[in-house]
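Should a chain be cited, it is by its letter among A, B, C and D, assigned in written order, with residues numbered from 1 in that chain.
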Amino acid sequence: MRNIHVKVVSNQETAPLCFRMVLSGPFENFYLQPGQFIMLRIGNGYDPLLRRPFAAYKVKTLKGISLEIFYAVVGHGTRIMSRIRPDAELELLGPLGNGFRIPDRTTGALIVAGGMGIVPLRALIYKLLDTQIHSIHLFMGSKSASHLLFHKEFQDNEILLHVSTEDGSNGHHGLITELFSHFLENHPLKKDNNVCFTCGPSSMLQTVASIASRYRLPCQVSLESRMACGIGACLGCAVKLRNHSCSSSSPENYGRVCIDGPVFDAREVEW
Amino acid sequence: MRNIHVKVVSNQETAPLCFRMVLSGPFENFYLQPGQFIMLRIGNGYDPLLRRPFAAYKVKTLKGISLEIFYAVVGHGTRIMSRIRPDAELELLGPLGNGFRIPDRTTGALIVAGGMGIVPLRALIYKLLDTQIHSIHLFMGSKSASHLLFHKEFQDNEILLHVSTEDGSNGHHGLITELFSHFLENHPLKKDNNVCFTCGPSSMLQTVASIASRYRLPCQVSLESRMACGIGACLGCAVKLRNHSCSSSSPENYGRVCIDGPVFDAREVEW
Amino acid sequence: MVNLSTNTGGLTLKNPVIAASGTFGYGLEYCQYMDLNRLGGLIVKGLSLNPHLGNPPPRIIETTGGMLNSIGLQNIGVDAFIKEKLPLLRQYDVAIIVNIFGQTVEEYVKVARRLSEVEGINGVEINISCPNIKAGGIMFGKDPQQAGFLTKRVREATPLPLMVKLTPEARNISEVAQRVEDSGADSISLVNTFLGMAIDVETSKPLLATITGGLSGPAIKPIALRMVWEVAQAVSIPVVGSGGIASARDALEFIIAGAQAVQVGTANFINPAISVEIIEGIGKYLQDKKLKGIKQLVGSLKIPAHEKTSH
Amino acid sequence: MVNLSTNTGGLTLKNPVIAASGTFGYGLEYCQYMDLNRLGGLIVKGLSLNPHLGNPPPRIIETTGGMLNSIGLQNIGVDAFIKEKLPLLRQYDVAIIVNIFGQTVEEYVKVARRLSEVEGINGVEINISCPNIKAGGIMFGKDPQQAGFLTKRVREATPLPLMVKLTPEARNISEVAQRVEDSGADSISLVNTFLGMAIDVETSKPLLATITGGLSGPAIKPIALRMVWEVAQAVSIPVVGSGGIASARDALEFIIAGAQAVQVGTANFINPAISVEIIEGIGKYLQDKKLKGIKQLVGSLKIPAHEKTSH
């Protein structure tokens, strides 16, 4: 966990308002677990002021090891970010947070990704494959076909892909949670050794968590929250958790997405 | 006078902390007089917030007409500017202000430039040469030899170059005003048809103005001031002028560098 | 078509965007860069009875997300304005509001009276909030009683729609607003600048010749918005919001918080055509949201349930 | 070598840079990113007698050059701090100052007393300026009399160096400062955050669950600096400046304006090692200017001649 100086190698639009940014820097001993994230300082001035959190992925290039991030332009900070030109120097803090945990004896994974939520899950998929877990169902939903990231990449893989789009331009016409729920209904699983991993909009996570709990499927959710520090100091990224400790009188407490998460056991979260 | 969108073609350091930025844009009917300036919006966010004023110069390139500016990195805004990469899009307001006036029957020019002050004077020199005024003495001072802009360009020209540096690394060791004063002492001029033009740090301008007045040499000074609007609306760029109008009771008033200047008759300025 | 028109107490504007005083000169400075006819209104630089020299330079300095100014209300005086600027300005189809100030109540009254004698002025904005002059200005704006008294006197002097511009430096801005309302103002505008300063560490000298100056720009927006929200709840006359508005979204925030109209100040310096972009952005927003007009939006802030109970 | 040490009323710091409360966790969060031993001091997150849950999310939102927060003083309580955090923190060579708050005067007194019973705490900062809790906090800081009373009671309860943290929302901050001085404070720190708000125009809902929150960061620096300058002239105990400090130059501005030390808050989020960079920058500045120490710089602002006469 360090603050390092990195350089933009490329920054290009790969889907409508979705950019891929490649960064070069001292990434030799930079170990990122799937689900962990980085905080990127966008520019050298005070606008945007705070760093922004992104999932990141290590890739090997001809020039050495690079870091790759995929981001959607959703507001002021990411808009400015989308205009950064190659060679620009940025600051990066990471790796941060706790990633997905693959329990021992896991044999299958049910992965539910909404929109940009696929980004950290992609790293997880490769890790699962590396760990010889080959029964992977990926449920991937997005606004439209053009917003389906890594779609081709996954098709070439041995994973089982289930796609939905809100406009019906690819796969199921509707929400990915519908597809997920429908699938579980029709395909009884050996539940003990299957794990559900999910990332996406908060409302989707909540639905996935409740579906998973219905099928007694262990479920790990990667949450998002606005962050200032990313290292547990500001308490800005609070998320309400169920309180298991007896020391406190209140039935709930606030966890920090940045350091207690971003990946939480779905049962811990007070939705 | 328009607000136009331009693109950075290049942005490179040509002398220590002095950058040349080339901009492409709709410059066909963009007529800049020497001494006029532009206001450049640096970046797309709010840092820096205000545009910065710069002298600009039209150059023909293979791709059409470009605008060239030379700027010193002196503070927050120019530091951020120095990190802008080619292809970035900026906004430009201009041409602004009143430039140098070459009076009819001018036969000779005495030009005194301090530091970056040479930038608007360079355009003036070419205009003078175009107007068939060939008796041009250029007094050019800077911190050190490496900060002398356009030095080579001017050496190749038919103008008479007088150089000073504060560290003695080129020409006279000392201030350019010393060289200017010394020259006038030893070279009586046909004063009527000579004009003095000057741009540089405020203290230098003041000295040049007083030397010029001693020799009854008409003198035009290009002033600098912090600016917000650049178009005469905010009254932020005020400079104290001597009041010639009888209507006002006060012996002085404030002029606006952006629209009443930046070039003023030295006698108008209340130093 | 959406209806952008709004009303700020006796004055109907074709849209809610007004150029703020002191940031738009006498209006004419901008006519090369934008179409003045597009504006809802335009407030000219603060005018006094006699021409005013203003403060010595340096008068401005940029700060993060904002700027400090200590112009000191330099102006050509009300008579020169009427003679030289108004005839030109009147040719545009835009509400012309004149910002006035004085060192004494009497001076405010005289300027207001003078403006009421001529054609083509649509409103008066009383500046009781300028931090950059030593007498008058903010003196009247900090204290509810003085603000009320001044408003009353100017009210008596002019039939023109009367907007009173408050300072965020008031000890209790809602109280000042209420007093101003009770004293006959047609609307309230806020905020003017915050008192700030900056120092040149190389020389240990203040960066403004007057040491302190007024802070404006996006930096102050969150505080300004909070104050507008508070004041809008405290009075029943229209409120005109300002402070750091630089985009349609910013303007919409103020409207949702309770402003009938907004003033755009410092942002004019960043982009001289910003007001037109803001007007277009508001129109587009209303259209996207399928709202018929501004009125449906004013004060539409949704308070979370848990906050409603505890207030 | 230049001497960076300074004194903030009964407490000698090896340099004038202190990490501000609430932006530095319990200190330990930062030890992977910087060397805590380098800091002049470190103020831990505001502590109350019992653990405090804090406000519902969303709790933060970025604004231009700043951020709003409504954390609501979530903390583990003074006992857990003493048991779990202090032993680890004490291993560093840095002045540990504990920020405290309460809903009642009695609660402040109890927390202060509890802290005085243990080893390793170098000072207490009384937070009478948090805008994010409904009872206590800012209530005490807005009114000179209440601020004075609270200070007096805490003063009686602890022999530890006592810093009182003022709110810029005070109706007259210099008056509050004087009262706090008279009531036995060893030093005064200012400013805490400004009350602000932000609205999501897509939903018409406030962007913070508590509607309003505290504005911090570079955006507020000019106002904070002006207040520090005013308060430094109004009191004779040391003043600790804060509000938007993000570089050595910013820190130097506050020192020149009259601060004996500074607190760095929001900037820690932008760069977790910023305090060290600021300390180094101040050292370099003193060296370049051939100054022997901080003391020569404190309050060295050069007032222009024309301003001296007219004040």
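What we mean here is this: contacts are C-beta pairs under 8 Å (C-beta built on N, C-alpha and C of every residue); 3 or more make two chains touch, one makes a residue touch a chain.
Predicted, not measured: the structure shown is a model, and the values here were computed from it.
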item: For chain B, the least number of touch steps when starting out from chain A; value: 1
item: Distance-maximising chain from chain C - centres being C-alpha averages; value: A
item: Comparison of A-C and A-D (more C-beta pairs in contact); value: A-D
item: Interchain centroid distance [CA atoms averaged], chain B/chain C, Å; value: 36
item: For chain A paired with chain C, centre-to-centre distance based on mean C-alpha positions, whole Å; value: 46
item: Cα-centroid distance, chain C relative to chain D, in whole angstrom; value: 33
item: Two or more partner chains touched - positions in chain C; value: 56, 64-66, 217-218
item: Residues of chain B whose C-beta touches two or more other chains; value: 46-48, 76
item: Graph class of chain-chain contacts, one of line, ring, star, complete, other; value: complete
item: Chain C contact footprint on chain D (complex, rising order); value: 56, 63-66, 68, 134, 171-172, 194-199, 201, 203-206, 209-212, 215, 217-223, 225-226, 229, 244, 249, 252-253, 256-257, 285, 300-304, 306-307, 310
item: Touch list for chain B against partner chain A, complex; value: 43-48, 76, 79-80, 83-89
item: Chain C-facing residues of chain B, complex; value: 1-3, 41, 46-51, 76-77, 91, 93, 225-240, 248, 250, 252-254, 259
item: List of chain B residues in touch with chain D within their complex; value: 46-47
item: Chain C to chain B touching residues, read off their complex; value: 22-25, 29-30, 32-33, 45, 51, 53-54, 56-62, 64-67, 69, 71, 74, 217-218, 246, 266, 268-273
